[in-house]
Structures are given as structure tokens and as C-alpha cells.
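First chain written, first letter: the chains are A, B, C and D, and each begins at residue 1.
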Amino acid sequence: MKIETRVDETHRTVTCSLDGELDVHQVKGLKSTISETIHPGDWTYIIDLAKVGYLDSSGLGMLVYLRKEITRQGGRLQLLNVTESIRNVFSLTKLDEFFGLK
Amino acid sequence: MKIETRVDETHRTVTCSLDGELDVHQVKGLKSTISETIHPGDWTYIIDLAKVGYLDSSGLGMLVYLRKEITRQGGRLQLLNVTESIRNVFSLTKLDEFFGLK
Amino acid sequence: MPTPIPGPLSGARPRCTRLDMELTGHPRSLSLVRRILCTCAPPQTLSHQVLNDIQLAVTEACTNVIKHAFHHDPTRKYGLQVQVTADRYLIQVIYHDPTFDPATIPVPDLQHAREGGLGVFLIRHIMDEVEYLVDAATGTVTLRMVKFLAAPDDPGGQGENRNPSR
Amino acid sequence: MPTPIPGPLSGARPRCTRLDMELTGHPRSLSLVRRILCTCAPPQTLSHQVLNDIQLAVTEACTNVIKHAFHHDPTRKYGLQVQVTADRYLIQVIYHDPTFDPATIPVPDLQHAREGGLGVFLIRHIMDEVEYLVDAATGTVTLRMVKFLAAPDDPGGQGENRNPSR
């Protein structure tokens, strides 16, 4: 799993671009890495999934955790580039609405 | 298997760069593709193996065939960039000498 | 925003028709499992989307073995069996867990987003047959999953349980 | 011009310790077989060079099945079994060939470069044990190959038959 983080202080956005397969193996390390970037306050976190070829319930669980944690700290989470093959997992679990995907 | 062929008329050389795994599956099509580039006369054929990660007796058989055929037509064959993992196959079969690799 | 389901897998022919392997409980084995499922696919009758779904269901099954039965002990081992015919994809995950009772697996409440509890739900949704066979004498659990595949000339969906909205 | 043998394979642990699969005779299956052998490797005791050698020997064995036993019929099927322990890599290739007599396989003359006849030679050179078991009643041939692996703390070569010049 490769992760690239860009912080834009002006617009108060943090963009994490993930590259790899989001299963339980990758989620372990990733969850704490992304958690560390969460600032308190009105920040927008964008998780770019363009290069995530696989996502399962472990990946979903991490995204749910991050969204809740970011909201708790006053910010918001947006998912970017949800490809068709992983969109399926969001709609099956009715999490597309939770993440504002429809 | 990807194959890239460059013909240098001035120096009368043909360079074939191979990219892939030289097993019986790949050799089938490749043998005739390369054979078609053989011109009669004093030409030098260079087969660049830099990107050949795997070579077995089927690949060796093709190279032996090409060398004999090129020689018959008055040219010569040189192997370029024989990596350590495939060099092994040449030395085990004592073909390193035949191909001028030692 | 559904896009069309991509066509059948490229690659001329099925390559592996039956497979029986023993894997360690290291989570690294999961991506290996997904790669192997690709090679077992009968390309004529399997769309990318259905293969994705099967990879998802099997990964969820193996993840549960690693988490709940092995408690993340990477030295423990489990079995994976795959059998593919033109109309059926059968997968069995076999492991030792003498305390497991499949009847206790809760059905998730999809109204509230939670961080867990979706794995078995996904397996049941994707696969056409899902069965936990528990051998009480030995403590061996066999999770048996079947996906029916559409015949190559069937213009309809893939398998009986196919969600038409996808 | 020998370069040093690369160190043990990266990747924390062995992932697949036992494998039994059925493959079609399409030559495309050969690259799959090589990939699968990587995943069966016990990394602590296996150098890249020895894994390369094993991939070579097994590909030669499967190529012979496809060419000589199946006469390039891609619909026929053969079995591949792998069993890996810390000190031993066992591979069996199982197929149907009622006419096969291993005693007829010629030993190649390495003084003269020829286009064929090197596959079995390579298998015998690389593997520590090579046996063709023929069941005359059923026509089933089992090619059994073993490579002994060096213990992790053995500073010497890899396996008994290791060619010191490599």
C-alpha cells in the first residue's frame, strides 16, 4: 500500500491518495497513519481511491472509523474517485449514503 | 511477450529487444516473428535479453535455431544483457560457449 | 451511476480447474488468494464484476478465519479448496475452531454505519449457497460457498442471486 | 562472471505450505505455475537462485506433459502437487500417458548445440531426487521431484546437489 498525503493550509484540506488493496493486511498500518494526520477543527479530508483496486469490509470499517473521528474533531471526510468495482461494496452495505456517494 | 526491433541499415545490424518470459508459450509466435527479420548476407543480429526474466529449454532451443539460421544466411547472432538468472541456464547446458558468453 | 459490466475475462481458456491448498494465517496470504481465484476462473462465463464479488466473499471468509478462529496467529494454517466448472464456482475454506457456532453470527443493522460486522453479510449476499459445516468431533469447520455462473449464451445476469441493480 | 547469490526471499513468512491443483494443458498455465511456486517458498531457506532453478525444473516438467503426453491438446488436464517444509521442496506432476517409458529418455550430448532434448537434463541437474513413477494399470505417470533446502543457519550451499560454480 502506497499513501501520498498533501496538506493545503490555505483551503484547509488534507488529501490522502491511496494505492493498493484495502484488505485487513493493509488496513492495520494505514488506519493509524491516516489518523495521525487528523487535526482538530474545520478541515476537509479527501481520500482519493482512484488507485485502490480492492476494498472489503476491513477497508470499509477503516473508512467508517475515519469519518466518525474526523466529524468528531469538527471536520469532514470526502471520498474521491470511487471506481465501479469498489462502489459495489459501498452499495451492498448501504454505506454509499453515509459517505455521500449517491 | 513484447518485442521491439530496430534495423540499422548503415551498420547492418538488427536489434531485437525482448520483454517477457521465454517459455514454450511465448516461443511459438516469437520464433517466426524473429525469423522473418533475417536477411541474407553479412548482418549482425543482436538479441537483447535485458528484460527477459525467465528462459528455459524452449527459449534456448529458439536461440539455437536462430543462431544456426542466421549463420547459414551469412550473418551472426549476438546476445546482449544476459542477466545472472538466465545465464545459469546457458552454463548448465554448456551453451554459453556456443553463444560466445564466456 | 452504474457503468456497464465489463465483458468476459480476457485470456483464452480456464487454466486451473481444481485447487486444494494450505495457507498460513498471515494476512499477506489474502492477496495471494485473490490472485489465485483469477486463475481458476472459467473466462467464458465469468464477468469481471462477478470475479470481483467472488474475490470479496472469499477474502471476507479467510479474514474471519485469521481474526476470529486464529486470533491473528500467523503460524496457524487453513485450507482453501476451489472447484470450477462452466456453470459453478465452488469454494471451501477449512479450518480448526472447536468453539465456533455459526448460529451466533449476528445479522448487521445496515441503518447504522458501524466499523465491523459486515463480512458474513457480504458473503451471504454475494454467494448463492453459503453453509458452515461444523464437525463437532474434530472441531473442523468447513465454510462452503457456491456461486452459480450464467451459461455463456444466457444474456441475463450472472447467477441466481444476482442483484439486478448492479 | 558469477555475481553473488541474492539473499533469502523478502516477505515475512511462507504463505502456502501444501498445494494440489489441476491445470489445463494450455501453455499459458506455465507462467501461473511459476507464480504459484513463488508463493509456496519458505523464505528463510530459499535463495532467489534456488527458486529460479525450481521454477525452471517444474516448467520443463509441465512443458513435457503438454508437448509429449498431451500433444498440445489444451483441453487435457494434469495435476500439480507441492509440499514445502523448512528443509525440502517436493513437487509432483501427475498426468495420464499410457505409452510413456521414462527409460527411453535420451541423455543429451552437450558437445553439440541442438534445439531440443535439454528439458529432462535440466530437471535432473537441478533437483536432488527425480523419479518417474508409472502406474501401468491406469496409465498414470507421476513425476516426483525433490529439492533439499539448506537449513537457515547453514552457511553452505542450497541442497546437496548444488553446483558450486553457480
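In this text, a contact is a pair of C-beta atoms (placed from the backbone, for glycine too) under 8 Å apart; a residue touches a chain by one contact, two chains touch by 3 or more.
Since the structure is predicted, the reported quantities are computational estimates derived from the model, not experimental observations.
Using the contact threshold fixed earlier, the set of chains in contact with both subunit B and subunit C is D. Note: centroid distance subunit B to subunit D, computed from Cα atoms, is 25 Å. Subunit A and subunit B, compared by their mean Cα positions, are separated by 49 Å.
For the pair subunit C and subunit D, the distance between C-alpha centroids works out to 30 Å.
Multi-chain contact residues of subunit B (touching two or more other chains): none found. The residues of subunit C that reach two or more other chains are 28, listed in rising order. Pairs of chains meeting the touch criterion are A-C, B-D, C-D. Contact residues of subunit B toward subunit D in the complex are 21, 23-25, 28, 54, 56-58, 60-62, 64-65, 67-68, 84-85, 87-89, 91-95, 98, 102. Contacts from subunit D toward subunit B in the complex involve residues 1-3, 27-28, 30-31, 34, 48-49, 52-53, 55-56, 59-60, 63, 66-67, 110-111, 113-116, 118-119, 121-122, 125-126, 163, 165-166. Touching subunit C in their complex are the following residues of subunit D: 11-24, 26, 28-29, 32, 35-36, 39, 74, 77.
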